[in-house]
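Report on the following structure.
Labels run A, B and C following the written order; every chain starts at residue 1.
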Amino acid sequence: MSLLECTGVTKYFGGLAALHQVNLQVSAGEIVGLIGPNGSGKTTLFNVITGLYPLSMGSIRFKGEDIGGIRPFQVCRKGIGRTFQISKPFTRMSVLENVMVGALYGKTTAGEDLKNARTSSEAILEQAGLSAKKNARISDLTLEDKKRLELSKALATKPELLLLDEVMAGLNPTEIKEIMELIRKIRQGGMTIIVVEHVMHAVMSLADRVCVLHHGEKIADAPPEEVSRDKRVIESYLGEEFLLASS
Amino acid sequence: MPNRGYLKILSLLILSGILLSIPSVLSQYSLHMMILVLVFVVISTSWNILVWTHQISLGHAAFFGIGAYTAAIVYNAWQLPIYADMILGGVFASLGAVLIGVICLRMPPWALAIATLAFAEAVKILVIMLPGLTEGAEGVAIAPLYGGGEMAKVYAYYLALTIAFLTVLTAYLLKRSRLYYAFTAIHDDQEAASMLGINPTKYKVMAFTISAFFVGIVGGFYAHYISYIDPHAAFNIHISVEAQIMPLMGGLYTVAGPVVGAVILTLLGEYLRITVKTGYLIIYGIILVLFIFYLPKGLMGLTERWTKGRF
Amino acid sequence: MDWAIFAQVIVNGILTGGLYSLIAVGLTLIFGVMRVINFMHGETLMIGSYLTYFLFTLAGIDPFLSLPLAIFVLFCLGMAIQRFFINPVIDAPHFNQILLTFGLVLILQNLALILFTGNYISMTTAYSAIALKIGPIRLGLARLMGFVIAIALTILLSLALKKTEWGKSVRAVTQDREAAMLMGVNVDRVNIIAFGVGSAMGGAAGVVTSMIMYVFPLIGMLFILKAFAIVVLGGFGSIAGAVVGSLILGLTESLVTNYLPNGSGWAEGVSFLILIVILIIRPKGLFYAE
């Protein structure tokens, strides 16, 4: 049974279909890449899965349960975590406190108490490489730090499925390598991940499978090497500047 | 650090000592002033709690008035002990808060601000237009608190002190609790907060309810204390205005801030009211503008280095 | 059903609506351009009415002639306030903006209180008592002239928005601030002038109110919530919406006053009801241009 099953997912904004009959299955333990030109609906799909946008048509099943139409905080409780394209840290809290929010509320209302939440959050920051900055203010963080923080917050909610939305955008090659390592480590821990990215070589290298969206429709769903050779995929990207070849 | 801890406890003990022994040294008038200060400590601390979730109420007088009228009506009808009708005042104020809180859930902050202002005015109009229940614009008279004798003010003072203590204690415990994380997360980024499992509705309405509850109670207290309320006093926009200026002046995201602001501004306001008489509120406006420009963190912001935001 | 009374009620409502529109149009312009909730807009009305009053009682200048002066004075004052008080907080959290404009309200109201005392004053001009009669309908001349002024100024503003450079910039900024900046619009200048124009409209409203009702320091409070209700109803930034909303409010209040028992008391609540209802079901208003 798939962990996540999107069937016929359609989302209308006014008369425009941002997503049209998208089918996507993700099995436990996979890393699935989700790529496509700007405006193809990748973030919209994430928003629909996580309940930020209501579904127009179709169904979304997570661990066999229909989660279409439930609210974002409920989606989180079911076990789906998500990072945002433009990171959204809580500016009035320190790095550690940011992660603690996820630890405190990610699973149930009772959640953990403050002490346990602090300990588990510190462990997560350790894994993400942010231990040294755990008491820092958000304004003191670099872009890469913020991405790591975004990841840590999502991880603190103990998800089974992680949705990463362009987590490498704006990073330099060294930083990208580091984040890729982090993602691999997280997967090794048993996480299932969907990665939306424009940094092609990263996606092709990380993913077991790559889905391609174009104008809200899925036009490819295959291992990376096949996708990089797929004619329709190449065409859809014509005019966009990026690297298809893995490096 | 052990020394810091002892210092804190010592200063709190001294403060408590002073507060508890005040009635024996102050005149009736000064005692009255202290009671006013305590009333505003409750209002400003409560209003501040709402700000922690990024909800700005410009009509907090609504809850004060609801509390006052509930207590007055209930007391005159059934002669319940004042503790009971004050708490009922708080309960009804909370119900009003749930109502307006739910209505305003999806509104951006500016819309919420206007809606709360409208809510306060609307409740005032309702009170005026339903004289069968509320005596309308004429106001309601209540038997004086504690018989109105000489000791009445002293007892009133201790009652007000208790309410103020409970309110500040609630704010203090809240700020150190799990809940504060939810509040602050919602305040900073509601979408991100909900993605981490926080139900915005639950906590925003909760904050509104807590914020209104104590204001309702102290409204009920005030009705008894003055032994008379009317719509213009109970729903006075000055109450709403002061509810905002005091925390701003003292420090919005602190517990001591609203208290400091309440003390300074109540005393200052009274002083000005006596000396300048008309238009003294202009000082409030000037303070508001100056603080927004130069001291947005309020007075507690100046002491941040020492208190490290723990108050 | 007494049709004569009904017609009078409708006419009253329309005339009132016309007055409201003067205030609301200024407010919606400011919000559309700057996205700032201008609580002190009511005070521009107050200043306009006091100005008119003093010009009339001290210098015998007829309100109609004061109109251009009031417009000019409030225009300059509005620009000054925008430049020195509003602009610094335009990107600050809403909280700061709200409290700042509130603070300005307190300052202006109490300044008036100190300078002019809280007395309710009124002017009696040559035409204060004159009323036109059209059939059974009575039209107070002052009110009618106020209505005409309102229409004239609103049309003038609409023309300015359509034809002038500034007007086009305003519409661009109202629709999409970022895009307008990228296209080279000087947003700061647009903001300042918009605040000036909006305040000038408020001042004109003050001229009109001085002709038909009392002048007192807190008169701004009376109108500001109604103005908000109208702007929320009509859609922030929409002049047409402000006009339509004003008429709706004016008519509703008139109907409530006349046909509901104790109507005049309840009429005050109409604006709040509209406000809350619209904020719930369609916060962006009826005419919001997406």
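Points worth noting:
By our rule, a contact is a pair of C-beta atoms (placed from the backbone, for glycine too) under 8 Å apart; a residue touches a chain by one contact, two chains touch by 3 or more.
Keep in mind that this is a model prediction, so the values were computed, not measured.
Placing every chain at the mean of its C-alpha atoms, the farthest one from subunit C is found to be A. Comparing chain pairs B-C and A-B, the larger number of C-beta contacts belongs to B-C.
The geometric centre of subunit A is 49 Å away from that of subunit C, both derived from CA atoms.
Between the CA-based centres of subunit B and subunit C the separation comes to 33 Å, rounded to the whole angstrom. Centroids built from CA atoms put subunit B at 43 Å from subunit A. Annotation for subunit C: no residues touch two or more other chains. The set of subunit A residues that touch two or more partner chains is empty.
Residues of subunit B in contact with at least two other chains: none. Residues 51, 54, 56, 58, 103-104, 106-111, 113-115, 117-119, 121-122, 125-126, 128-129, 237, 241, 244-245, 248, 278-282, 284-289, 292-293, 296 of subunit B are the ones touching subunit C in the complex. Against subunit A, the residues of subunit B that register as touching in their complex are 177-178, 181-182, 184-185, 187-189, 191-200, 253.
Contact residues of subunit A toward subunit B in the complex are 50, 52, 71-73, 76-77, 81-82, 84, 88-93, 97, 100-102, 104-107, 111, 113-114, 153-154, 156-157.
By the touch criterion stated above, subunit C contacts subunit B in their complex at residues 37, 85, 88-89, 94-100, 102-111, 113-114, 117-118, 221, 225, 228-229, 232, 262, 265-266, 268-269, 271-273, 275-276, 279-280, 283.
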